[in-house]
Structures are given as structure tokens and as C-alpha cells.
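You will see chain A twice below: alongside chain B first, and alongside chain C after that.
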Partner chain A sequence: MGEALQQQLAYVGYGLYLLLIIAGGLAAVMSTSLVRALMGLILTLFGVAGMFLLMNAPFLAFMQILIYVGAVSVLIFFAIMLTKTPEGEAGAENMLEWIGMRAGLAVLAALTPAIIMATLIVKKAPAALALKPEVTLAQLGEFLTGPFVLAFELISVVLLAAMAGAVVLGFERRKGK
Partner chain B sequence: MNSLHTYLFIALVLFCIGLFGLLKRRSLIGMLISVELMLNGAGLNFMAFNRFLAPDPAVGQVAVLFIMGIAAAEAAIALSLILALFRKIRSVNVEQARQLKG
Partner chain C sequence: MIIELLATPLGHTVAALVAILAFLGLNGLVMVYMERKVCGFIQLRPGPFEVGPRGLLQPVADALKLVGKQLVTPLGADALLFWLAPFISFAPVAICFLPIPFGPIATGMEMNLGLLLILAFSGLNALSLVLAGWGSNNKYGLLGAARAVAQSVAYEVPLLLSVLAIAFQAGSLNLSTIVEGQKGILSWNLFVQPLAFVIYFISATAETNRAPFDLPEAESELTAGFHTEYSGMGFGIFFLAEYSYMIVVCAVATALFLGGYDGPFAPGIWWFLAKVFFLVLILMFFRWTFPRVRFDQLLNICWKWLIPLGLANLVATALVMKLVK
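And now, the complex of A and B:
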């Protein structure tokens, strides 16, 4: 494949993933139904996985889909389904609240870092260095078991503690009541 | 597509959408979804800096992997907390969870 064609395809992919991220993100925060919000989140996660692909990190894209789309969103879906009340979906919010002061304040709070960081990015961000070769999986593994071995072990402890904690919290005491 | 700025801007947009959602939503599950958006923005940021600036190209990827691990742990804990709260007050609205006594 020619270099020019590759570049054009990269632009197309970039636009597509950008669209996925922004549309999904907006759906995730704006929709009144939580199931739709979750679908928006999944769309965004796919978009971010695409961005990882564009940044030459196929392993991360794979992990993003495996962990986020495969596990985290299923967990959130469980949360939505298990907290259903007879009146309908728990946590669904009506559109009227939008006009309220809280939404305005939320917009303000989100715009503040956006403006500050965007100015910083435009003014201060250094130019990109020359392209680097793709990091192989073996290199990544060496990093995880070499300089990052403590963090690597700690995260397994964190995951184990989280799992045990989830079981303890989720355990329903029947005779205590 | 070799500019650091473009990727940083996407990460920023994602983070700000998440922050907005976190403040706007009143249901815990909606807030959890927003937190996931923010975490993804942070991961994208790490990856962008790693791809275009870092002297060692593997550091940022390791950081993103750690973020994913933390996010998975956080989602599991949040699920069980939401369920525990729901059993107590029959709602996932944070404004109805104002009792400190367990």
C-alpha cells in the first residue's frame, strides 16, 4: 500500500473514531435512559480503542475491547438491571432537570478545565518527535516484570481486594434483619 | 495524523464530557458511566504522550494497562456498593442517600 493512501486512510479512521467518541460520550451523559447511556459508553470505548490502533498500540486496543467492552460494561449493565424498580428503570432522569441550575453549573465546571487545558495545549505543547517503531508484546512484558514489577504485583492485590470486597458487600444477610 | 495536539484535544473533550456527566447525573450508575469516560480520557492522554514524546515507548502503554486494571476493580466495587445501597433505600439516587448510619 502506498504511503499517500495509508495517510488518507489514517485520516478517515481518525474522523470515524472521533465521531464515535464524541457521539458516544454525548449519548452517555445526556440520555435519560441508563441503558442508552451505557450504549453510548460502549460506542466511546470502541472509538478510544480505534485511537489506540491509530497510535500504533494494537495490544492496548485489544485490551480496551476485552476489559472495558467485555467486562466493565457488563458489570454496569448488571448494576442497571439489578436496581430496577417496579416503576421502571432506577436512576433514569427526566429531561426537565436539564434546565435546572445544576446542569448549568456542571457545564461551567466542565468548561473551566477545557478552556485552561486547551490554551495550554495550543501554547505549550511541544512538537511531536519522530515516529517510533511499534512496541512489541515482549517488550511490554519485560517492562511489566522489570521496572514496574511492584506496581504489577500491587494491582493484582488491588483486584483481589476489590473482588473480595465486592463479594462481602454484595452478600445478603438473611437472618440479620 | 502525527500531531500530538489532535490526540490531546480528544482526550480533553472526553475528560470534560465525563466531568460534566459526573456533575449532572444524580444516579450512581450514571456517575459511574461518567467516571469511565474520564478514565478513558486519561488513558488516551497517557497514550498520546507516550506515542509522540516519551523516550521509552513502553512506559505509557504500561500506564494505560494499569488504568484499565484500576477501572475494572473500581467497577466491581461500585457495582456492589450500588447494590448494597439499593437494598437499603430502594433507589440509586445520591440525593436520597443522606443517612450515615449503616
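And now, the complex of A and C:
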């Protein structure tokens, strides 16, 4: 395949993944059903996995799908199934105040990332980055257990604490019965 | 021109996908016939024998019947999620076949992380089951979905542990490299890592929701579990996906443990397929021999036996690899 064609396909892929991410985000925010919102989240996660692939990081992309789509979102689904939530939103008492507040929050939510991005772009103009060579799994492992070993171990301690906490909570719940 | 196109990576992948889909369609027919005959012989009844010679055309008749049936969306169901589920269950299967080395050159897409790709995309199956159960607005469906979550999340752990032991040993996640490392029957990982094989095969049975671990479906207690409400090809696609996942897990087992396309004479794609279908036959024997386990038994097998054994096996593999090096 020619360089030019590859470049064009990369642009098409970028646009597609961007579309997936944005559409998923919108679906997650705008749908009233929790499960549909979760589907939106999953769509976004897929888009992000695609971005990882474009950046020549297939390991991260597959891990994203394996862990976030395959395990985390399924567990979120489980949580949704356990909590039978009513659909729709609670009614607001003062309609005008409610709309005003929501509009203000929406503007804030839209502006904040824009401001941050704009500052970043102005401070540091983006240069077209050449595609980095694929980091092999062995290199990745050496990095994690070499220079980043402290962070790696700290994360595992956090996970262990979370697991132990879950077990403790589970046992207390059972005693109460 | 066509030959040139096929030689490019993109053309090769597209051709492989087309071949895989054709194979999966045919495979569905063959396996339905196989399953019914195996079940017939085990339970002392003939199985299909009326349609065609020895009942060979029965699956075709079944398929035509499924295609002809009306598709019904139950009242009060979330139609979008309800019809999304069968597609999520089938679409990832084709991708799972891409990195599998069927023969010395018959690999859809050579990639370094092939094993990881298969594991990542086969995990989507659980998602489709819960979607189906939730979307159909049916209490049996919901119960099946709840079971599917607990089961698939639990059994993914020992599955990954056993696969990881083999990846440690081969030093690669590329299935072709792992197969290359097993030349001659005695160097097959089945004999080097028997414990990993046992763990893998039990977890794979559970991951594909086959009896004795078919709790999300459990027709005698949950009607049909997650696919209670699906009619016609809605059910047909779930069925096809289940059979395709059986092929995926058996093909991965063949590549990881049984030396892939290696054989005593004339190694090639036929050896690979023979081993895959042999493992599929064992899965079918399991289904018609063992009664369904209870749910607490299912989770106990996983958390109290398979995961500790898998961890021990992994640590032992790492130690031996360190000592040998």
C-alpha cells in the first residue's frame, strides 16, 4: 500500500473513531434509559480503542476492550439490574429557575474543555507527529517493572484495598440478616 | 490483478473474513447435525433420520424454518437493545478467527497480539447475553442475564490465567509463534502443561455457556433464559454464535495445547481441523453426559478450585522458566 493511501485511510479512521466517541458520549448523556446510556459508554470505549490502534498501541486497544467493554461495563450492567431505577427524571418545582440553572451548567460544561484545550493549543502548537514504532509487550513490561515500578505497585495496593473493602462490606451485610 | 490485491495486507484480511463467514455458515449446519446425532446416540435414540440420507438434510430444513419464521418484538421491550443483542453476539466471532493459524500459511492476519485480540473480542459475548435478557422485558430473560454476568466474569479469570501460563512459556502472544514452538507430539503443551489445559477447557466450556454450565439458558428452569423471547433468526443468530464460539475456543485450545497444525505426518490445515472437531466432539459429550450444575456449585468450582490452581500453575511456570533460563 502506498504512503499516501495509508495516510488517507488513517484520516478516515480518525474521523470514524471520533464520530464513534462523540455519538457514544451523546447517547450516554441524552438517553433516559440507563442501559441505553451504558451502550453509549461502550460505543465511546470502542472509539477510544480505535484511537489507540491508530496510535500504533494495539496492546492498549485490546486491553481497553477486554477490561472496559468485556468486564467493567458488564459489571455496571449488573449494578443496573440490581437497582430497578424508574425511568426519566424527577420533576422540577420551579421550571424557569430549573431551565436557567441547567442552561448555565450546560454552557459551563461546554466552555471548560474548550478553554483548557485552547490554552493548551496556544501555549503548545501541535506539530504533526510521525507515527511512533510499536512498543513491544516485552518493552512495556520492562518499563512497568523498571522505572514505573513504584506506581505499578501502588496501583495494585489500591486495588487490593478495594477488594478487601468489598469483602468486608459483603460480610457485614450478611451478618445483619 | 486479483492475485496482486490478495497479496496486500488489507486484501488478505478481507478475503480471510469472507472465507471465515462462509465457513461459519456451513459450520453451523454441520454442528447442528453433529450435536443431534451425538445426543441421539448417547441417549439411545436415532436423532434426525427422515430428511435426506441419514437425516443429513435436517439442518438445512431447520435453517429454512428459522429463516421463514416471523420476527416478533415483545410488548414493552426496548426494541433497539433487543435487536442489537444478536448482532453483538455474532459480529465479534469473525474477528476472533482472524489471528488463528489454521495452517502454515493459512492465517487471516498475522499479528503479535493475536491471542489478546481473541480474548478481548470473545468477552463481548457476555454483553450480548445481558442485553438480550434485559431488552426482552421478561423475568426469565432477566434471570438468565444475571446468571450470564456472574458466570462469564468469574470464568474469564481462570481462562486468562491458563492462557497466560502458555504465553509465559512461549514468550509471545502470537498464536503462530506458539504453534511453531510445539514440534513433535511430546513437545505439545498438552503434555508440558496438563493442568493449564484442564483449567482452560473447563473455563472455555463455561464461557461458551455449554452444558453442564449452561445456566444462562437452563431450559428446564428458565424456559430458555436470555433468549426466551427471540423467534426465528433472532434465536438463530444466537445459536450460530454459540457454535462459532465453540469453534473459536477449540481452535485456540488446538493452537495453544495441541500443537496447532503439527502432526505425525504431513502437517497442515487438515490436522488443525481434525483436532478442532475432536475437541468439539468432547464438548458435545460433556453436554449430553453431565447434568447441569447448580449455580453455587458453578461459582465454587471457579473461585475455590480453578482460580487457585490457575495461580499456582502460573507461579510454577514462572519459576521453572526463570530456573531454566
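Note that in this section the second predicted complex is superposed on the first by the 136 of 177 C-alpha atoms of A that agree within 3 Å, B and C clash if a C-alpha of one lies under 4 Å from a C-alpha of the other, contacts with A are read in each partner's own complex, and residues count from 1 in each chain.
Quick note on the criterion: a residue touches a chain if its C-beta (ideal position, glycine included) is under 8 Å from a C-beta of that chain, and two chains touch if they have at least 3 such contacts.
Source: prediction; values computed, not measured.
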First, second, both or neither for A:Leu75, with chain B first and chain C second: both
Of the partners chain B and chain C, which touch A:Ala164 in the superposed model: first, second, both, neither? neither
After superposition on the shared chain, which partner residues are touched by A:Arg36: those of chain B (first), chain C (second), both, or neither? second
Touching partner for A:Asn56 - first (chain B), second (chain C), both, neither: first
In the superposed arrangement, which partner chain does A:Leu16 touch: chain B (first), chain C (second), both, or neither? neither
Name the chain, either chain B or chain C, that contacts more residues of chain A. B
Looking at the overlay, what does A:Thr44 touch: chain B (first), chain C (second), both, or neither? first
Where does A:Val149 make contact in the superposed view: on chain B (first), on chain C (second), on both, or on neither? neither
Dual-contact residues of chain A, meaning touching chain B and chain C, are 59, 63, 71, 75, 78
Which stretch or stretches of chain A touch chain C in the complex? 1, 33, 35-36, 39, 42, 58-59, 62-63, 65-66, 69-71, 73-75, 77-78, 81, 134, 136-137
Sites on chain B touched by chain A in the complex: 1-10, 12-21, 23-30, 32-34, 36-37, 40, 43-44, 47-48, 51-53, 57-59, 61-62, 64-66, 68-84, 86-87, 90-93
Under the definition above, what is the set of chain A residues touching chain B in their complex? 7, 10-11, 14, 18, 21-22, 25-26, 28-29, 34, 37-38, 41, 44-45, 48, 51-52, 54-57, 59-60, 63-64, 67-68, 71-72, 75-76, 78-80, 82-83, 85, 90-93, 97, 102-103, 105-107, 109-111, 113-114, 117-118, 121-122, 125-129, 131-133, 135, 139-140, 142-144, 148, 151, 155, 158-159, 161-163, 165-170, 172
Touching chain A in the complex: which residues of chain C? 8-10, 78, 80-81, 84, 111-113, 116-117, 119-121, 123-124, 126-127, 130-131, 134-135, 142, 145-146, 149-150, 152-153, 156, 173
